[in-house]
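Across the two complexes that follow, chain A remains constant while its partner is chain B and subsequently chain C.
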Partner chain A sequence: MFRSILYTQWKWARVALLVIAVAAVAVPVGSVRAIGGVVISTSVGDALNTMRVWSVLYVLLAALAGLILAISAWAADQRGHHVYALSLPVPRWHYVLLRFAAGLALLLVPALLVWLGALIASAIVVLPAGLATYPGALALRWLLAAFVAYALFFAISSGTARTAGLVLGVIAGIVAADLMLALMDQPAVVIEFVVSKFFEWPGVFEVFTGRWMLIDV
Partner chain B sequence: MSGAAIEVRDLGYRVGRGAFEIRDLSLTVPTGAIYGFLGPNGSGKTTTIRLILGLAKQASGRIVVLGHEQPSEGPRVMARTGYVPERPHLYPSLTVGEQMDFHASFHARWDAARAAELVSQFGLIRGQRIGSLSKGETGKLMMLLALAQTPDLLVLDEPTDGLDPVVRRDVLMAVLEYVSQREATVFISSHLVHELERVCDWVGVMDRGRLVAELPMHTFKSGIKRLRVSEPPALLGDTPFVLLARETGDGSAESWLVRGWQPPMRQYFDGVGANLREVIDLDLEEGFVELLRSARQPRA
Partner chain C sequence: MSEVPRVVLSCMLALALLGSSASAQGVGTGTPLRDPAIERANATHLASLAVDARRQRTVADSIRKWAQFSDTVRDGRIRIATTPELVELARRIARDAEAALARTFGPSADVAPMTFVMRGVTGGNWAKQARLERWISDTLEGAIAIRLQGEPGVNGPAFLVDGFAKKQFGELDSATRTWLRYPLQPAHDRKLERSAIYVDIATSENRIATECRVGSLERCREGFAFEQPADPVMSWYEPANRHRIAVRTFTRRRRDPVLERCSQGDDQACIADLRSWAPSDLPPPLSSSARHSLAWVALEIGGEGALARLGSSTAATVDQRLADAARTTPEKLIGAWRDSVTAARPRPVAANPGTAWAAVVWGSLLGILSMRSSRWRTR
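Entry: the complex of A and B
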């Protein structure tokens, strides 16, 4: 059962997964090339700044991987109004769990490739004293962020168009509330409050912030 | 409830707080029967099927399928039920073979040999993408999946709608062949009356969310007649048959549509001083149309 589900999700997401896999290797290697390749040609400060700029790409890649795998898990069932899935002889929670687990298993592929890319980048660069590479921590952080993104988008895309509309409505409401406050010459704090609740510890999206550095002090 | 394959009692269904789409529906599908579920488009056939299979939840009433309560025991029912929905629901990016493998992995009673036979019988190609199949081929594939899981109950929702006569015959033949081998129960909905006439032994007629008739097919076919009556009485009294409609014809003659007709009932007309001039057999489609008409405008 799980094998069949895994196969279908692999088939639906394989092209996007291939692109993400290439990017997963290319980003860490590219970040090292950006600071001079084998021998770092910039100052330590500049090198760390460049790493910080490149770290955005890991965040984007993790979010993108989560989004694509979540959408591909449900797209085919949604096209058929879930009739086929509902007519299978398994409880609904079981089917959802199978789909979720299959997407999670596929997420391990780009995570391993981020790790591989980071290991390659670490192996080819010669660092000055005081700097070190963190391929394992980076790959683990990437996997965690991709998992959070996957879980969020999976939950949204497993629902109906009404659910998606509700989520978008809440986001639009937050933005509208801030705009209203700004028009009334009040400090616009709604977005700031929401962001602080979700993106700062112990917020669920905290993993997306902070230092995504392959090379750090 | 009895040991019927499907037993529905006092079923009610509505979307949200809207009006009831299905009202006080009760039906019984005997085990081993081929039950034709007739009704015009929009009469509630598909909704009833979805409720029977546990794909939707009823507002009131009780449904028991193969001895299991619905919708709480949906997976148990689906393990023994082959379902062909009204619209194609399969994964278009998979190939025929991949879809079969996927389906087989969920059904413990999957008959791989039978599936292979049906692939060849239906002229399907395992490597062909489902998205590129014609309507007829998709219909055949859905039937293949339903049959190869060796179900005790087949629920077919307009399975031949939009198919050409050759494909329609192939599909129905495969169903009949399966039923003759396995003694399975078939619940088949359609608005194509002639199609069901040939295969069904029970018939239920649905209209506007209500079941307006449920009877053995032979009773349905033979019991509905059109009578030509001259000098009809103004007051009918108790008729031995069910008078569905009464229409005035030429002069003093009338045309009566009746259900439950039997030849000895001719005596009734002598008793009321009327003259029964002719008894006309109606085919199933005419009977179906008249039944719906009388259900919508009861008693002339």
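Entry: the complex of A and C
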């Protein structure tokens, strides 16, 4: 059953996956080309700044891969009002688990391509002393970030409209609380607090922060 | 408010003096001046009285200016003289000031009472404002003038800390000031600052900086350039550095034939060009930020009174003065600096185990949540 679910999810997501796969190779190779290719043509500091600019693309790509795979996993079920899922002779959690695992398996493809692209980029560049490449670490970090993004969007997609409304309500409540504080001439710290909890360890988005640089000190 | 009587008194005094001088000269009395000798004597006397009157007017004017700082706020060791419209802000700043100073300078900051004179910038004549600030500093001995710009309510204590840092900088000897180049800047995140210095050194193309990073304390000392070498162009740089530094100015000095040759790879031309530069324009192997971080390490190690020791040290060299502040030797201080910068090395992309575990746990948790969605629950 897992194979058939994997196959159907592959069929639904393959075009988007192909685009992500191309980007997964192109981003690391492109980042190295941006600093001059084989020999770094800019100053080392400028090269690092360029790497920092390109690092945003890894984060975006991870989030995008997670989003596309999660949405494509549920799109057909949502169109069919989950009739197919409900007609299967398996517990529903089992069905969700199979969908989740199939998406994860598909996520390995772009992660491997990020690694491959980073390896190619590392192989073609000659670095000055003090700098090093991190292809394996970059690919691992990308996989972890894409996994978190995928799980988050998967949970949102599998939930009901009521759950989505609840989440949106909580977000609106946080913004409203900050506005109220601002109106009362108090420091508006609610959003800041919540964001820090999400983006600082052990927050859910902490894996997206930090230096995502293929070439670093 | 206590200054108002002084203003009134001075004005009265000035008027009285003017009146008396006028009366002494018979101004308005219609007395004719007949004898030329008396006329000359009277003219001389009048001139001297006019000078006196101007002097008195300056005093009265100064007192009037001072009168605008009519409110004084005290909190602990902090005293802030300010204008009535800023008094509430001054009170808040004074309340937070000691903590802000302690956060910035640690126990190295002086424990003696400190007086600040605080005024807002309301546009207008900058030269006049600068004169007024100089006057304030001169009049109230030891007072630190702070000028609030922009939205002072947001980071009031930062202005105070900044003013304190500038004052401390001004009290350092000229060699240390020249070496530091600008006042020690209060930093929000010292680790982040050192992390940037690590990147700066790690990516430096200067051999001295590279060897310093690798571990040579002697090279670090050389890189800090406590004393300017006889020929920094040859001592500090390799041909590639010389070429890069010289051609930075190529755009605006395109017609310079020496620089032209340098840009084409002639090292002798680069040497000749750089030797024509003012010594202070030659970038040292370790940047001004690195120098500042060394000074901060000295203050941290020195602890209580370190800032005062730095100001009062009479050692012959800057490194020894910093070491005096830190109560250690220059070698140990540079070693501690190198250790602190190395420890602040930014973590590359590699996810540490904590981050990896957090991602796995969050991903799994969200996956489990999907299975527990109300859509799937049996009613």
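Following the convention adopted for this analysis, the second predicted complex is superposed on the first by the 217 of 217 C-alpha atoms of A that agree within 3 Å, B and C clash if a C-alpha of one lies under 4 Å from a C-alpha of the other, contacts with A are read in each partner's own complex, and residues count from 1 in each chain.
Definition applied: a residue touches a chain if its C-beta (ideal position, glycine included) is under 8 Å from a C-beta of that chain, and two chains touch if they have at least 3 such contacts.
Being a predicted model, the structure only gives us computed values, none of them experimental.
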Have a look at where A:54 lands relative to chain B and chain C in the superposition and call it first, second, both or neither.
-> neither
First, second, both or neither for A:163, with chain B first and chain C second | second
For A:88, decide between first (touching chain B), second (touching chain C), both and neither.
-> first
Can A:115 be said to touch chain B (first), chain C (second), both, or neither?
-> neither
Max touched-residue count on chain A (chain B vs chain C) belongs to chain C
Touching chain B in one complex and chain C in the other: list those residues of chain A.
-> none
Within the complex, chain C is touched by chain A residues 43-45, 47-48, 55, 82, 92-93, 96-97, 100, 128-132, 134, 137-138, 140-141, 144-145, 147-148, 150-152, 154-155, 158-160, 162-163, 201-204, 206-207, 210-214, 216-217
Within the complex, chain A is touched by chain B residues 53, 55, 74-76, 78-79, 83, 85, 87-94, 98, 101-102, 105-107
What residues of chain C sit close enough to touch chain A in their complex?
-> 198-200, 202-205, 210, 213, 244, 345-351, 354-356, 358-367, 369-376
Touching chain B in the complex, chain A uses residues 1, 3-4, 7-8, 11-12, 76, 79-81, 83-84, 86-91
